[in-house]
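Here's the structure we're looking at; comments come further down.
Chain nomenclature is as follows: A, B, C and D, assigned in order of appearance, with residue numbering initiated at 1 for each chain independently.
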């Protein structure tokens, strides 16, 4: 990404990680660049300098082929060490699909992913209920709002032990749940067997967020909808507010 | 030095693969099979030396198994 | 090696074991000026196999039109290339992986995707879509369910991991494919015209670099033995080691190759597919008018102790061969290292016109490139019309008309050949790359081109049953259907790629079917202005003397002017009128109705009126682009009733159709069951608001356009003079159509 | 009766998982590991009886392993 020719600072600078096997990096980058003034910079998995960034996104794909377990190998890349520090200092980190799996494996988010209940890859539009509209990633949505975004994964069956789940619920860390189009969180609306229909969670501090559905795929009405824009808009708002830009 | 690693889904965790196999067995003529659990079996060769066991243990803990959902055991085979 | 390759060692001579005839062996000796050694013989046997040498098809394929203003690259390269304006081009190619998939469906289909994707990025194009036309035996058989399950998972595993959306395809089930499933895969890529790379090894002294996976014993004999011998009881002993795909490796290969393209490092690029190093190196030399020296001692091996001939013919997946200038070697290695890929200089380009193989310093083979690549013998077989072919269609009263036509509709909607294929395409990541202006399920897929208003439309169609009844008409019909599917979404058909799946061409009737089908396709391609950019021939799809239906599969590319104005098959508004465009008389012959209800495939399919088809499609495209038509859907499997039912189900709106209004012109006096379920080329159902419908009728010119019904309500009714012929709740139709496949595949 | 089944990729068959793990180990701080092969490890419970071994063998052949690309071994554990 070339430096912006303007002197005014951009409203938000995103880093989009490329692990070997990432395949939604370009989609995510495209989505970011459709937002007025937002900048996206690709981050090769061996890079370690993130200090020019406001938000790091780990995109979807099959890092290292998803061999062994999704995200298991990617989490050891030099970049992830930097992401850990970046998050510890309060930087915004979001994992989408495979990126979410990497964050789980890295321990930046609690829990683990198993194979989908029916053992099949699923790609379809699903309904999601926004359970927490106070995070830096969801503030543009309303509590209880139902949005539509596609999932495309083989291992999105979220698991955490009982204690962990109670903690997530108590702290409002469950951010998105699979629901029916009316917003009811039902078993039938659960596409992959995820515990408590969980589709997205954040860490306790709220600055690290992972979701299985793909918001970057629903930022343009021509190709499926615009419900995903709220995620990026929320991040931009949060960055503006923090930096006073 | 050869090593064998056995990784199994943690007790109490739903194992979708095992469950699916268990459900499809009767249709293939296998009745009464239960408690099917599917895990991983990894073979590898390690540099010889005293640290081998410890190194393998670390490898399992850090990479080969995910302790949140999996248990592991291993065997070292001296040749 | 003591004995010579031509000698009878008590068993058969070596050339025969490798599938060559005595005459072919003599031809090789002549061209070599001596007897070939084992390595040379192995290489020749591959290059002169049906699969690589097109021995039975080459003379006939010449009939296909391959030229057009937009064709930048016709047959002969790794993929065809079509100019879509603005400096951009589309690379496209289709390939079969029938035999490997019949043995191991998951890996067979997965490596099929891997192979076709390499063909596309070998041209310097970024793959943007996969398509998967598939044919299996009846789903009533557990083995067929196992095959479908494995094939779909294999395609999903490989394509999804690569980040290439699988956007369209087709699936048919019929007994003729029980022992020989047809697994065709197509890939489409985008490339800036100045970035196109070709497989021409030019510049003697340039280096030949092997990139990607190490070479193992897999697929040895795949091309020469597996792909050109009948597949029967002896398959067990001929079975090569099954190849396992590594999509992660291929994803890295793809990105590395495109990065090298962007840096201008590649003189030429070629994938290693059937025939491995032998075929890739000799073809590159042939295209470049050069020679190549290969040192097999440098080839990274996966298994120790591989024989030289094994290294030369191994079909290990995920490998590419690049020609690079010596001064750029370091840069090439740097890109490969970045992507954690092994890359090894294994040879160099020469001006000798020969493929020379060395093991270190020791020469082990030396063959004329031209003989290998261009001089495989061709065979012409006496064509014989198969006995089942008929001059006349069945009499229209051949079958009694079923009493409950509503039941017939529900049964047809639930037929695996007609029902929704959602169970399949939801296993594919069909949205990655975020360009789907239309999601799967309609007549064709449409991808936008980022930064432009226009987009590309893609469809694949094959119809073995029709080609079986009349190969020439079937060939015409399959091209017409593909074009019709594109026109229904509003796209202008531009070009095709094709995969010809047939039985053993040494047999007169099969050869006849092949010849006739090619003739029919050629006629339709000429009439519709869609030249052939390349394709693939898969012969010997037969077991125990029983061949598959002759099945030409067409993949067609179209261009949409404005992705904001697309046609879908969904009914949009209650009160819209339903119109039937086109003038053709549907028949039971070769229809899904004939098979599902009357249990046979017989008669002769109606011919395609190519001129009428051209005019019909032009009208449909205009109706869609000008926004006059709210929906457009062509009549194919299951006939008019299923076509309307699909539009109704997907739109969530019922329909009432007047059979009297249908029975004009060519359809005069046709019985209701044939009107409803008969099949024929050349009909499209449109829906439009009343005012738009009137305008359409004014503009239709000489294309007949009849108002036949109205959208609305929650039932599907088709009413004739004697009262309702069909009256079923939309919900029942929807349930039958939407869930049939999932129900069949439930464990 | 308990049974343990070990499934491994056949010799000569590419094992992309094993390969990828092996190649990434040095970067994770584990040097010198080679010949990593990843297979499956399945535990299950069978009805007791003399046919158990034979039944398990058939089960492996038909469902648990893919004999075209995988080898298998099993153990029956009498309790």
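One rule holds for everything that comes next: a residue touches a chain if its C-beta (ideal position, glycine included) is under 8 Å from a C-beta of that chain, and two chains touch if they have at least 3 such contacts.
This structure is a prediction, so every number in the text was calculated from the model and none was measured.
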If a chain touches subunit B and subunit D alike, it appears here: A, C
Euclidean distance of C-alpha centroids - subunit A vs subunit D, Å: 35
Rounded Å distance between subunit A and subunit B, as computed from the means of their C-alpha atoms: 30
Between subunit B and subunit C, centroid-to-centroid distance (C-alpha), Å: 41
Where subunit B touches two or more other chains, by residue: 20, 24, 63-64
Numbers and ranges of subunit A residues touching at least 2 other chains: 64-65, 67-68, 73, 76
Subunit C: positions in contact with at least two other chains: 246, 248-249, 340
Pairwise touch network: line, ring, star, complete, or other: complete
Interfacial residue positions of subunit D with respect to subunit A in the complex: 16-17, 20-21, 24, 27-28, 38
Contact set on subunit D toward subunit B in their complex: 6-8, 18, 21-22, 25, 28, 30-47, 55, 58-59, 62-64
Contact footprint of subunit D on subunit A as seen in their complex: 64-65, 67-68, 73, 76-77
Parts of subunit A lying in touch with subunit C, wherever the complex brings them together: 20-21, 23-24, 26-27, 30-31, 60-62, 64-67, 120-124, 150, 152, 154, 214, 216-217, 220, 222-224
Residues on subunit C engaged by subunit A in the complex (per definition of touch): 153, 156-157, 160-163, 246-249, 251-252, 339-340, 425-437, 439, 448, 450, 563-564
